[in-house]
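Let me begin by presenting the structure, written as structure tokens, before commenting on it.
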Amino acid sequence: MPGTPPTRFVYLGPEGTFAEQALRTVPAAERGTRTPARSVGEALDNVRAGEADAALVPLENSIGGAVGVTLDEMAEGDPLVITREVVLPVEFVLGARPGTALHDIRSVAAHPQASTQCRNWLRGHLPDATVVDVLSNGAAAGGAASGEYDAAICAPIGAARHRLAVLANKIADHPDAVTRFALVSRPGPPPPPTGDDLTSLAVYIAHDRVGALLSVLMELAVRGVNLTRIESRPTGEALGRYVFFLDCAGHVADVRLGEALQGLRRVCADVRFLGSYPRHRFGDGSGDRPVPAPAGLSDADYADAAAWLSRIRAGTLP
Amino acid sequence: MPGTPPTRFVYLGPEGTFAEQALRTVPAAERGTRTPARSVGEALDNVRAGEADAALVPLENSIGGAVGVTLDEMAEGDPLVITREVVLPVEFVLGARPGTALHDIRSVAAHPQASTQCRNWLRGHLPDATVVDVLSNGAAAGGAASGEYDAAICAPIGAARHRLAVLANKIADHPDAVTRFALVSRPGPPPPPTGDDLTSLAVYIAHDRVGALLSVLMELAVRGVNLTRIESRPTGEALGRYVFFLDCAGHVADVRLGEALQGLRRVCADVRFLGSYPRHRFGDGSGDRPVPAPAGLSDADYADAAAWLSRIRAGTLP
Amino acid sequence: MPGTPPTRFVYLGPEGTFAEQALRTVPAAERGTRTPARSVGEALDNVRAGEADAALVPLENSIGGAVGVTLDEMAEGDPLVITREVVLPVEFVLGARPGTALHDIRSVAAHPQASTQCRNWLRGHLPDATVVDVLSNGAAAGGAASGEYDAAICAPIGAARHRLAVLANKIADHPDAVTRFALVSRPGPPPPPTGDDLTSLAVYIAHDRVGALLSVLMELAVRGVNLTRIESRPTGEALGRYVFFLDCAGHVADVRLGEALQGLRRVCADVRFLGSYPRHRFGDGSGDRPVPAPAGLSDADYADAAAWLSRIRAGTLP
Amino acid sequence: MPGTPPTRFVYLGPEGTFAEQALRTVPAAERGTRTPARSVGEALDNVRAGEADAALVPLENSIGGAVGVTLDEMAEGDPLVITREVVLPVEFVLGARPGTALHDIRSVAAHPQASTQCRNWLRGHLPDATVVDVLSNGAAAGGAASGEYDAAICAPIGAARHRLAVLANKIADHPDAVTRFALVSRPGPPPPPTGDDLTSLAVYIAHDRVGALLSVLMELAVRGVNLTRIESRPTGEALGRYVFFLDCAGHVADVRLGEALQGLRRVCADVRFLGSYPRHRFGDGSGDRPVPAPAGLSDADYADAAAWLSRIRAGTLP
């Protein structure tokens, strides 16, 4: 029911991964139920079918490679909207059963992309250990807990859940890497604007028209709408048709973003609205800063211009 | 009083010039009073002061060079708006008192720019005649009628009014040259859209901003608004400030032109609306053809996009 | 002969107008011959025919309305190029025979556009005098000198030449108004770049293509080339074809302006080069300031990018 | 050694996946050695270290999610270039040991994203089978061959290599889905232009500048360079800096693409060239068609414009 806060949450499983950790930062999810799903598609289908109120899935992801899947799942089938983003630092730890020392470690379980991200650390600290591929960070932690492997590269939550000792913290090569998750619901009124919001769109254009993408960008630029992300993907359905995933600074309730959206609707083959939601801020207030509306593009400027036009049309200017 | 048809007309004099001829093509002017003015400024001031209802002045002019004056007068002082354009072929004739033969002609009176436009004809047909500069095409006809000169280059109406015989027709070097006049009134509701209208604007930008004009053009292009004319003029008031005179295809009542106008209002230092009015069509239906609205930019497309946005904002899509 | 400094100068007459005054600011003209021409067309034809080396004609002109004529004459016929611009303050004076007092003046001779420019002054100081139209500022001064009229509105040089006393200085309503003249020659190597130059172009585009002008502007903007002036004129030859007169900041020898010019050549129906020449500076150093090349668009940046591309093509990067 | 054809190939393993299948379409690889790597990073590092001549890795990938990894690996560390692309239809098969019938199947091994892609087929044909996640399509085939699972979703090459019977062909929900691979080498002269090539770039811009991406697109559009793909990724190094991966139609040896590249070099924070290579064509000649150069943008048009500019600069026009 629109307006009712979600209570039943689903997330990309298994337990003990970054997705669960991200979901735990959402207050309502702390009070509600949290169920792991086997895949992004399963998580979103649970929401579509009404079996869950919201799904927490990875959007922009340096580990796990789920981005494409999430985007494709959002762009097809029954519409869904993002109501919240969660940005989580990718802080890998090396976990092992209590009592294990670093020099005892012969085997390390890790998701292949997790071990890729910690390559330098592994070379420097465990040059002789065998890295064994497993299916998820959560499975790695579980394998270390069961004694199948000596240690695991996993999320802090995975170590905690499996009662592993943390032998090393923040072992990823890029200390600033983050993963971005989306909380996704069935369509409804977007959360109210906060003054620092993002709007996600899937925009379809015919790719064989020189300048088609330029037209899309001009619709945004003319209204001073900034892009924080753009990704093109070929549509599976037919050659010669591209879909662009755009994250725009602003909220659909903003006048200028609304006008830009209408412009895209008119000039593109199709546009799917994927949600307006507050931009993530870290606890310390850090994070990308919003770019202020360029001169002449605030809601007040829009209201002034609309009033001016009305007077011209009525012949009462000046 | 707004809505009352104009009855008192003023035009750039003297009598017997193309301006009078243009005014005679306006039905209401045929029924009203027609008074010549000494200058464009005087004609427009008569309208501003309420002494006349409308002024017929040259806008885009291959003879007489009055364009700049008209534009400047429209851009400054109390606002005025164009309610109609008249495009007149520049059909110079050689007029002389009845009985005069071409080989008798020793002197030809002409406005300097009229003689410039007929230079080839004069070289070919009257190589030995002296061309005498006079202040207007009307004065040339008058001088030939009074016997001061043997002949005059003038407008057909000038020959008729001074009872001159027309020795040669259409003697201008460019047979397709035209002059464009504007009928100008005090501000009021614009004439209703006809489906083929023009809108004139004076747009002020700071000239020292690279790309400022590009921004103006993008505001128009994004809404599919075509330009039929653009002219920059330095403003007299201060260096570093430019005014652009734009003629746009479309009517201020059109949704897309309205949106473009609001965009200009927001991004430019200033915008003055100079009128929306039907594009001139010649009696045979010839004239510039309107360019149809590009795909996605009709009023229906705008309405569809606005409805779509409303559903998104209300959370009722799909 | 290219490279030979001009010695024979022609200017838009008659004597005693602003054009002569402008020509006197050109050092070579002070040493050479200076002949008045009856019209802009005659002046330019003298240069084309080799009878003169250079012509001084008005380009951008708040009085006299000659702009259109000059532009059209430059755009058609055998090519000519501008080698120098002269910008002259429009400083009208009221001249009268010595001994005349202001309250004696009953008639004032003036070119119609000169009297238009001094309207406020005339209302305030000579409300009862009759203003008589004459053909040029020089003719006005001559008429006052001969006693035909009591006074004349004219250029300072006209008063001096006709030995008139100057009863009032700078009587134009806009004290900052200027007129811009061009010194025009047969094609040859342009004067060397000074670091603050202008380049004039006539650019032809098909007007019925939405966005054609935007394309022109983008060719310039992408290379950071600033426009100081733009004017559209319908071509006399055929409907549906427009010519734009552009003044661009920069010299044809600059890399970025050269690249932009080539871009225009490729995308436009036609481009005519009308000259690169130093921007006018007043004696006190005032005048429009050049806008510095945007980041990345200096000649050094171009050279760096060209070297980088060469290494990529050769496969020697890094 | 530049110019020497590669003989030692590495590919993203394990054996029996689509990457190996893609490599087998490269004639030189059929004659050379083919070694699987554990990760994209390992494959590329082998090339960087000179242990292999070329690596075949996924670029744009609906399965496996390796795109981000490949892009990041190409954008960082020592430069590498793409010399060839291979586009492979994603044709999943259901493989099982010979003698197995469809109704015998209780367990199916599959990479999670492979089972996601075949979800509809599985629902329709094996609604009661348990899908077991494994680490790769090759591992799935191996698991079915060893009897650990009853069947596997895998690539045709995986079924063949493990001597599985193919119970069903083309079971993916999107029959037209493809995966795009790149053959990557150390920098050297790019392969010669074929008339239908692509050029890949990594372009860095500051994300907090409204219009920065528009500037990038304008550099391309002005030279008529079409984009076939664009992807933004946040750089791990610092907030506020974005990298865009662009695939442009054309070859770095083309004049217009070269000019566009120089433009990007000048206006962007950084540009890394990632290779020019022939666009993939399927055996039947199908595939994306190249968009012809817009009017005025062929190499001949560029040569004409360059010659014209030279004549202007020399003063020998016309």
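Here the chain labels run A, B, C and D in written order, and each chain numbers its own residues starting at 1.
Quick note on the criterion: a contact is a pair of C-beta atoms (placed from the backbone, for glycine too) under 8 Å apart; a residue touches a chain by one contact, two chains touch by 3 or more.
Everything numeric in this text was worked out from a predicted model, so none of it was measured.
Common neighbours of subunit C and subunit D under the contact rule above are absent.
As a whole-number value, the distance joining the C-alpha centres of subunit B and subunit C reads 24 Å. One finds 59 Å separating the Cα centroids of subunit B and subunit D. Per-chain CA centroids place subunit A at a distance of 57 Å from subunit B. Contact with two or more other chains is made by residues 218, 221 of subunit A.
If the chains shown are joined wherever they touch, the resulting network closes on itself as one ring, and no chain has more or fewer than two partners. Contact between chains, using the touch rule, shows up for A-B, A-D, B-C, C-D.
Partner subunit A is touched in their complex by these residues of subunit B: 2, 79, 187-190, 218-219, 221-222, 252-253, 258-259, 261-263, 265-267, 273, 295-297, 301-302, 304-306, 308-309, 312-318. Within the complex, the subunit C residues that touch subunit B are 38-41, 60-62, 64-69, 72, 112-113, 115-116, 119, 133-135, 174, 176-178, 207-208, 210-211, 213-214, 217-218, 221, 224, 226-232, 234, 236-240, 244, 287-289, 291, 294.
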